[in-house]
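The structure under discussion is supplied below as structure tokens; questions concerning it will follow.
Here the chain labels run A, B, C and D in written order, and each chain numbers its own residues starting at 1.
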Amino acid sequence: MTQPQPVMTADQLNQFIAEVYPQILEQLPGHDVRLVEPGRVVVRMEADERHIRAGGTVSGPTLFALADMGGYACVLSHIGREALAVTTNLNINFMRKADPGPLDADCKILKLGKRLMVFEASICQADQKDIIAHATGTYAIPPK
Amino acid sequence: MTQPQPVMTADQLNQFIAEVYPQILEQLPGHDVRLVEPGRVVVRMEADERHIRAGGTVSGPTLFALADMGGYACVLSHIGREALAVTTNLNINFMRKADPGPLDADCKILKLGKRLMVFEASICQADQKDIIAHATGTYAIPPK
Amino acid sequence: MTQPQPVMTADQLNQFIAEVYPQILEQLPGHDVRLVEPGRVVVRMEADERHIRAGGTVSGPTLFALADMGGYACVLSHIGREALAVTTNLNINFMRKADPGPLDADCKILKLGKRLMVFEASICQADQKDIIAHATGTYAIPPK
Amino acid sequence: MTQPQPVMTADQLNQFIAEVYPQILEQLPGHDVRLVEPGRVVVRMEADERHIRAGGTVSGPTLFALADMGGYACVLSHIGREALAVTTNLNINFMRKADPGPLDADCKILKLGKRLMVFEASICQADQKDIIAHATGTYAIPPK
């Protein structure tokens, strides 16, 4: 697959997101774009007691928020900071319990068109390989 | 469709959810099960400035959390408080901007089986009819 | 909800679809748009032995094809015959066994925007109310 | 990820599917399981003029059928021929036009539980890397 090329680095993304989403660190504490490469972004968060649901697992809305943020980081890193893209669809499968601690969303761009970006995100406990949740989503990209 | 019959009232649901999810009012302030009838539950929340994203719209994770809570209220109200169901899949389409204020998720049970419950949720501004977001989801029901 | 207004009748749709998709009657025999009203279309097909999978149930791809055709009929009926829309996403839940015979897809437009149409489809045995399969999908509408 | 181990080879799968689904070669001509390895199956079909829709692209229902068959091959190869699993959910994104000719669905098992198997499928033109369609789905596995 001819991979789309990023136009922002991980550092630039972190700085930009902190500016336009100052509330991000409240919602996704420890939010950190750790990797940007052609067609791929890895985003981390630190799940803590606030994100836990009954049964001691990280809540579905928290994992959704992390996947959605990963998709946003995909758009932003590959289109640039003028991107005003919005999520139009997100489908998520929850597969395993998630423990508190660092969680990584490894996100791949499946298609970057003029009007739509489609991505998938695999969420794992940091440095582990069992997939906790898997999401596929679409961002609509407004005309310039 | 032969509608499944509820076994808990809206008041019982509100009391039970407040007990087992004391954090619910922090995540979904004003959370209130407003209606339970055969195969249907309506859940409300009050979106405020904490739920707002860039562009002044209620965030995707907030709408996801409301839809997911609506699905949980469907299972709980129709199976009873021993229900330990967990979300396995949720697909959500975001269609219109959502303003802060009361939001209703009108949830219908599409199938209540022994092992899976499938539901859909339409989220609207309270007392309005334009659908802001529409979700379909599955809860797995553990064996007794 | 302010419902979008149709610009083609059921008869006009049936005639148009038979012209542009002559193969439709092979794939979905008995294909018949039975109702067009603001924001809603009902499409029928006759499932026969060719559509049956192991266990005697109508196959998933057949139900998918009926839901997808219902979405296409939604776009076509509400935009007109110049519509060159294509499916970008379809999510389907299979809930009950489907017997051969007439099947109806009752389709509702959830959003008709300039660039995307979102719809849902409930598939039932004709004249019955138990939902066999439920789909939500998106069609992309190309610029004129 | 600890990958589940297959219990059938590609040859055994092809032979078994031809026995229990004799109609498969009509629906998905050239159907061929080409690879089985831990947690992964690759399934091929030959798209021909019967699978083409307006605009010269392989139809959505054909791509759906291929993805669904790939999921079935995942269950079958990793559980064995007694598997009576049925699709409960399938979400598919259509991203690029598909030309007639050989199409491959590269399928990965995301979770193989006692009651549910979750998989993803990437469909490409054979020997190419651009993803035409991407699906995520769930099969329910009945108790033995």
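Basically, contacts are C-beta pairs under 8 Å (C-beta built on N, C-alpha and C of every residue); 3 or more make two chains touch, one makes a residue touch a chain.
Predicted, not measured: the structure shown is a model, and the values here were computed from it.
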Count the C-beta pairs in contact for A-B and for A-C, then report the pair with the higher count. A-B
Chain whose average C-alpha position is farthest from chain D's own: B
If you average the CA atoms of chain A and of chain D, how far apart do the two points sit, in angstrom? 27
Cα centroid separation between chain A and chain B, in whole Å? 24
Rounded Å distance between chain A and chain C, as computed from the means of their C-alpha atoms: 33
Which parts of chain A, given as residue numbers and ranges, touch two or more other chains? 88-89, 91, 93, 95, 138
Which positions of chain B touch chain C when the two form their complex? 1-2, 91, 93, 95-96, 110-111, 113, 118, 120, 129-131, 134, 136, 138
Listed in rising order, the residues of chain A that touch chain C in the complex are 88-89, 91, 115-116, 138, 140
Which residues of chain B touch chain A in their complex? 20-21, 23, 27, 50, 53-55, 60-62, 64-65, 68, 84, 86-95
